[in-house]
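Chain IDs A, B, C and D follow the sequence of writing; residue 1 opens each chain.
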Amino acid sequence: MDFSMIFFILVAALSVGAAVGVVASRVAVHSALFLLVHFVTLAILYITLDAQFLAAAQVIIYAGGIVILILFVIMLIGSQPFTGRAGYRTWVPFAGVALGLLMVAGLAYAIVQTPLMPATLPANAGGVPEELGMFLYTQNILLVELAAVLLLVALLGALLLAKWPKAERIVN
Amino acid sequence: MNNAALNLDVNALLPELSMVVAAVVVMFLDVFNRGGRSVTRPVLPWVALLGVLAAAGASVWLLGQPVSTFQDMAIADLFAEGIDLVILVATGLSILLSVKYIPTVNPQTGEIYALLLLVASAMMVMGSAIDLIVVFLALETFSLGLYILSGVNRGNALSSEAAMKYFLLGAFASGFFVYGAALIYGATGATQFSQIGMQVMSGQADLNLLYPGIALLLVGFGFKVSLVPFHMWTPDVYQGAPTTITAFMSVATKAAAFAAFYRIFLVALPAQQPVWGWALAILAVLTMTLGNLAALRQTSLKRLLAYSSIAHAGYILIGLTTGTPAGADAALFYLLTYAFMNIGAFGIVTLLEQPGQMDVDISAVRGLGKRRPLLAFTFSVFLFSLAGVPPLAGFFAKFFIFGAAVQGGWSWLAAIGMLNSAIGAYYYLRIVVDMYFAEPTEETAIASKRSYAAAFGLAIAVVFTIGLGIFPNLWTALLEGGLNQIAMR
Amino acid sequence: MITVPYLLSIITFLPLVGAVLVVLVPGDAVKKWLAFLFSLATFAISLLLWTGWQNGAPGMQFVETAPWFPQIGVYYTLGVDGISLFLVLLTTLLMPIAVYFSMLYVKKSIGAYMALMLALETAMLGVFLSLDLVLFFVFFEASLIPMYFLIGEWGGQNRIYAAVKFFVYTFAGSALMVVAILLVYFSTGTFNIVELQFAQIAPAVQMWGFIAFALAFAIKTPLFPFHTWLPDAHVQAPTAGSIILAGVLLKMGTYGYLRLARPIFPQAAVQMGPIVATLAVIGIIYGALVAVKQQDIKSLVAYSSVAHLGYVMLGLVAFNMIGISGSVLQMVNHGLSTGALFLMVGLLYERRHTRMLDDFGGLWKSVPLFCGLFLVVALSSAGLPGLNGFVGEFAIMQGAFIYAPIFAVVAAFGVILAAWYLLTAFRKMSQGEITNEENARGQLKDLRLSEVLMVLPLVVLFFVIGIFPNLLFDKINPSVEAYMAQQSVRIEQGAPMTGLSLQLPDGLALSNE
Amino acid sequence: MVPTNYYLILGAMIFAIGAIGVLSRRNALIIFMCVEMMLNSVNLTLIAFARQWNNLNGQIFVFMIMAVAAAEVAVGLAILIAHVHHSKSINIDDINVMKW
């Protein structure tokens, strides 16, 4: 077992542990912190896959942006403790877990069927921002345009939902 | 690098572009509101409608052009333009219905119309997409827009609940979709449909990854078009969203998602038809049957129409099950007629809604035939058409879908579909019974809203619901009289 | 000789034009008379079919065709032959009578009522005239909507239940027919009903197709276990609705069987023949026995319809010259007799607002004219020799005897039962002493001239057909002969049917592209 | 060098853990985080495949998923806040996911 393998297993274990932490935490803040750890471990794995640019993006967008936003919302609405409700069907979580395990078993089985190993070592082109940028802005320009529309939609949406209408303020 | 790759055929996406431009114009015009008095607000729906008309013009113009592609990412073939027209019909009718309705829900109409146009343009991109990444981006764009639009009624808990539920389940479903896309990419090394198709055909694809990929893709798709068992969000969201938005999404979402999946299945995975064909057939049977049975028990008009739209998704799915271009054409016609009749039906609901109420109980239509004969007549036309009674458009829509099924050797599926439409007739008929044969109650005594724009929209819908039933070839004549519109690239 | 271009289209759509006009014009009186005029005009124009008829020609006459949806082979094709001619004339004749009756007695929103009646006429005529499967189906289903509203809005106590039951039963019945129509199309490549009589269809497809078609028509006819909607619909429908329902609408089932189910799937039909015949005979006996016990005259007539249409089906299944000719004639006879019966019942109901036999008695003394006419109508329905009913039933019995004597023997009991329940009803109503004050001479008015004029054409036709049946047979027979000849050829040519082959066809897909 | 399968199985596991979280947790925020985790597992899978096939489509796809995730978080949290204004609770069961 070479070093890269050991390193992968360690990071993967940390990643899975953090993922379980997100799901299992009682308090939302803890989940968010576990999520942060999880995102960072993934960024490390991206580097081992020769995707340096995406690793950086991962840290900036997910760890730096999304988790912070989630933490901000938790602070805004207050992390409420778990409140039990009558009529809650207790079988639902178990069904969810069973379904999930079934899914991972099936997927793992399918994935293990054919061993995959890159035939040739990549020329380390993919990770370099320049290559990615050229590819994105020439052959995939439509994606950029679409992403622009996507962000415009998100912007409009946030505006629409965040602005409390005047008439309503009077009612409340 | 390779600058030859930059030959952009913008024409191919002209309709989508017109919609985006119209959205931006609406947003700019909305700015002039801020001066205390709303100067431009009454004009906004008509500006949006102009955008829709421009896009429709572009689509019709493209029908006469040879098939063109945008960098192997999007295609402008007859099928794509047909889907564009369906979505534009849905958008246009929804805007007409919204003119009076939306301001009662949320005064920020500028943002709402702009969002509606952007969502529609993303849906249209979905109809032209020939690349998994484009499909994903377009799917996410219009889904995000719809999450927001279903929650714009800020004063209503039901609406924000609907948005919340729709968002969480929609994002969950997107996860499945994109994981499926990833596995298909893993199996073939490509995201373009034609390349995936070539890889699969040549036997180089890794089937162990491809099949789970198709299955996961189907789950995500099932959520978007509300196939049973992925439908649980539909009734709540349809009930909670503002009614004109519900009308829009019940039709346009289906059109966009079905269009993309026709392309994925017909172009990328035709060889796997025996596998996904059966999966889809089972889903179709479940969807039609459970949708119809659940609709039988509803007392809220919006929930009833929601379950009915689940059942209709099942009928449309039959066209996809066959895996033939004839099935795609039949589904296209179905979607068009569905746009007219279903938005029409929801349009009636908007007129019957009481201020502040987001829904109409089925008993509220009692005696409508006596108090508002024209409204009741219009509603019955839509309901009979939804039930598939000739000579209305809904009959021919079913006829073509089942025709494609029989042609493809799925006669039993067509038979189950027809029996289901008989179940459907029962609950549509129940509304007609209440309208004409029941005495008016106190609830119905309250006058329904009147809106010239909505009346205009409903008139268009009625004319086409009857007209496409008597002259169904008007539509195929528009698509150059030929069948098999889907370009195989 | 007048020749009119597009004669069949004019006959079919003239009532629909009338329906639109009736909705548009103001004033109840104007609406009434306009509707009556349109139905009368349709009848007058339809007589051109009689005058312009080429005697002895077996094929379709007055054929019109236009592309409707040519991409998939759907054409707007109309035509009429000896089999459909009299059904068309029956429809156009009964409609003015029904409309006139409604003019006198219907009070509630007359405009909508008349428009629906006229729209219904268009749908019914379309069924009998269309030569394209899709067009046929469109008319077949379209007839449900106006009838549904007629029963549901202007019917009796239980009208909503009856209307919904009527609609859902018949709609569900024809649901499978759509799939069968498509199966037929994809195995023959045509929707044209005339061409389909010559097309060969694989046995497996035939069996499924026949079952689907026969089920739809059995519900419409209605054949024995599928009849339960009929008494409800009849009892609840307004009088004019009942006249049309019994007189014409039910014939769409038997006509469909004769025109489509039988010839398109000949081998399957031969194989399933005994089952259909058995159901028909059960229907004859069952309908008659139930009719005997009815108190409500209208429901008595309704059950008698189940029995009478059993005869028609029996004649069709017998599938010999005399049986089919008899059935075609009997369809017309039943339309006339039962239409007249419902008309008489309606006239009585408008006077007394009851239909229970026990409420009457001794009517002969107070309203002799009514009773005389009623007797003639009842005798016609019971099949008295010299009147129309006898000719058809006799021919059917002969045909059934050739097919299988047992059916004829059992069906003959039905004739006796029919005489029993009709004459019992007549006796209870008219003879004996007047037991109820309201039936007394001064209280109950006899028929007015206008009412007699309504019934009279039908009574005259009873005698004309009863005494000169060849007036009709001359036109019916050539078509039936050609039909028979061409069918027997097909049964010989076709692939042999071995057992009940009910597996789904495999190689069906794309066989015609 | 670590075979691609290892990355794929890790991706599948994280995806399943996320799905389990969505189906079993009742706090809308945690469900939202689980959805983000599912998207991330897809990112990992895609990058692994991109290396496997030695083409950039997978990485472009990941870049787009990141854009989507950013947009989703903005919209999602806005909806969440709007919802909390009404219901004063972020228990998902209050909005009855499993209701038919």
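What we mean here is this: a residue touches a chain if its C-beta (ideal position, glycine included) is under 8 Å from a C-beta of that chain, and two chains touch if they have at least 3 such contacts.
Keep in mind the model is a prediction, meaning the values are calculated, not measured.
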Result of counting contacting C-beta pairs for B-C and A-D, higher pair: A-D
Gap in Å, rounded to a whole number, between the CA centres of chain D and chain C: 64
Where chain A and chain D are represented by their mean Cα positions, the distance between them in whole Å: 5
Distance between the centres, which are taken as Cα means, of chain C and chain B, whole angstrom: 43
Inter-centroid spacing, chain C versus chain A (mean Cα positions, whole Å): 69
Junction residues of chain D - those touching two or more other chains: 8, 15, 18-19, 22, 32, 48, 52, 60, 64, 68, 71-72, 75, 78-80, 82, 94, 98
Two or more partner chains touched - positions in chain A: 107, 111, 140, 143, 147, 150, 153-154, 157, 161
Multi-partner residues of chain C (each touching 2 or more other chains): none
Interchain contacts, given as pairs of chains that touch: A-B, A-D, B-C, B-D
Contact set on chain D toward chain B in their complex: 8, 15, 18-19, 22, 28, 31-32, 35, 38-39, 41-42, 45-46, 48-49, 52-53, 55, 57-58, 60-61, 64-65, 68, 71-72, 75-76, 78-80, 82-83, 85-87, 92, 94-100
Of chain C, residues touching chain B in the complex: 68-72, 134, 137-139, 141-142, 144-145, 148-149, 152-153, 159-160, 163-164, 167-168, 171-172, 175-176, 178-179, 182-183, 185-186, 208, 504-506, 508-510
Sites on chain A touched by chain D in the complex: 4-5, 8, 12, 15-16, 19-20, 22-23, 25, 28, 31-32, 35, 38-39, 42, 45-46, 48-51, 53-54, 57-58, 61-62, 65-66, 69-70, 73-74, 76-77, 80, 82-83, 85, 88-89, 92-97, 99-101, 103-104, 107-108, 111-112, 115-122, 125-126, 131-132, 135-136, 140, 143, 147, 150-151, 153-155, 157-158, 161-162
Of chain B, residues touching chain A in the complex: 1-3, 5-6, 8, 13, 20, 23, 27, 70-71, 73-74, 106-108, 111-112, 114-115, 118-119, 121-122, 125, 133-134, 137-138, 140-141, 144-145, 147-148, 151-152, 154-155, 206, 208-209, 211-212
Touch list for chain B against partner chain D, complex: 132-133, 136-137, 140, 144, 147-148, 151, 154, 157, 160-161, 163-165, 167-169, 171-172, 174-175, 178-179, 181-183, 185-186, 189-191, 232-233, 235-236, 294
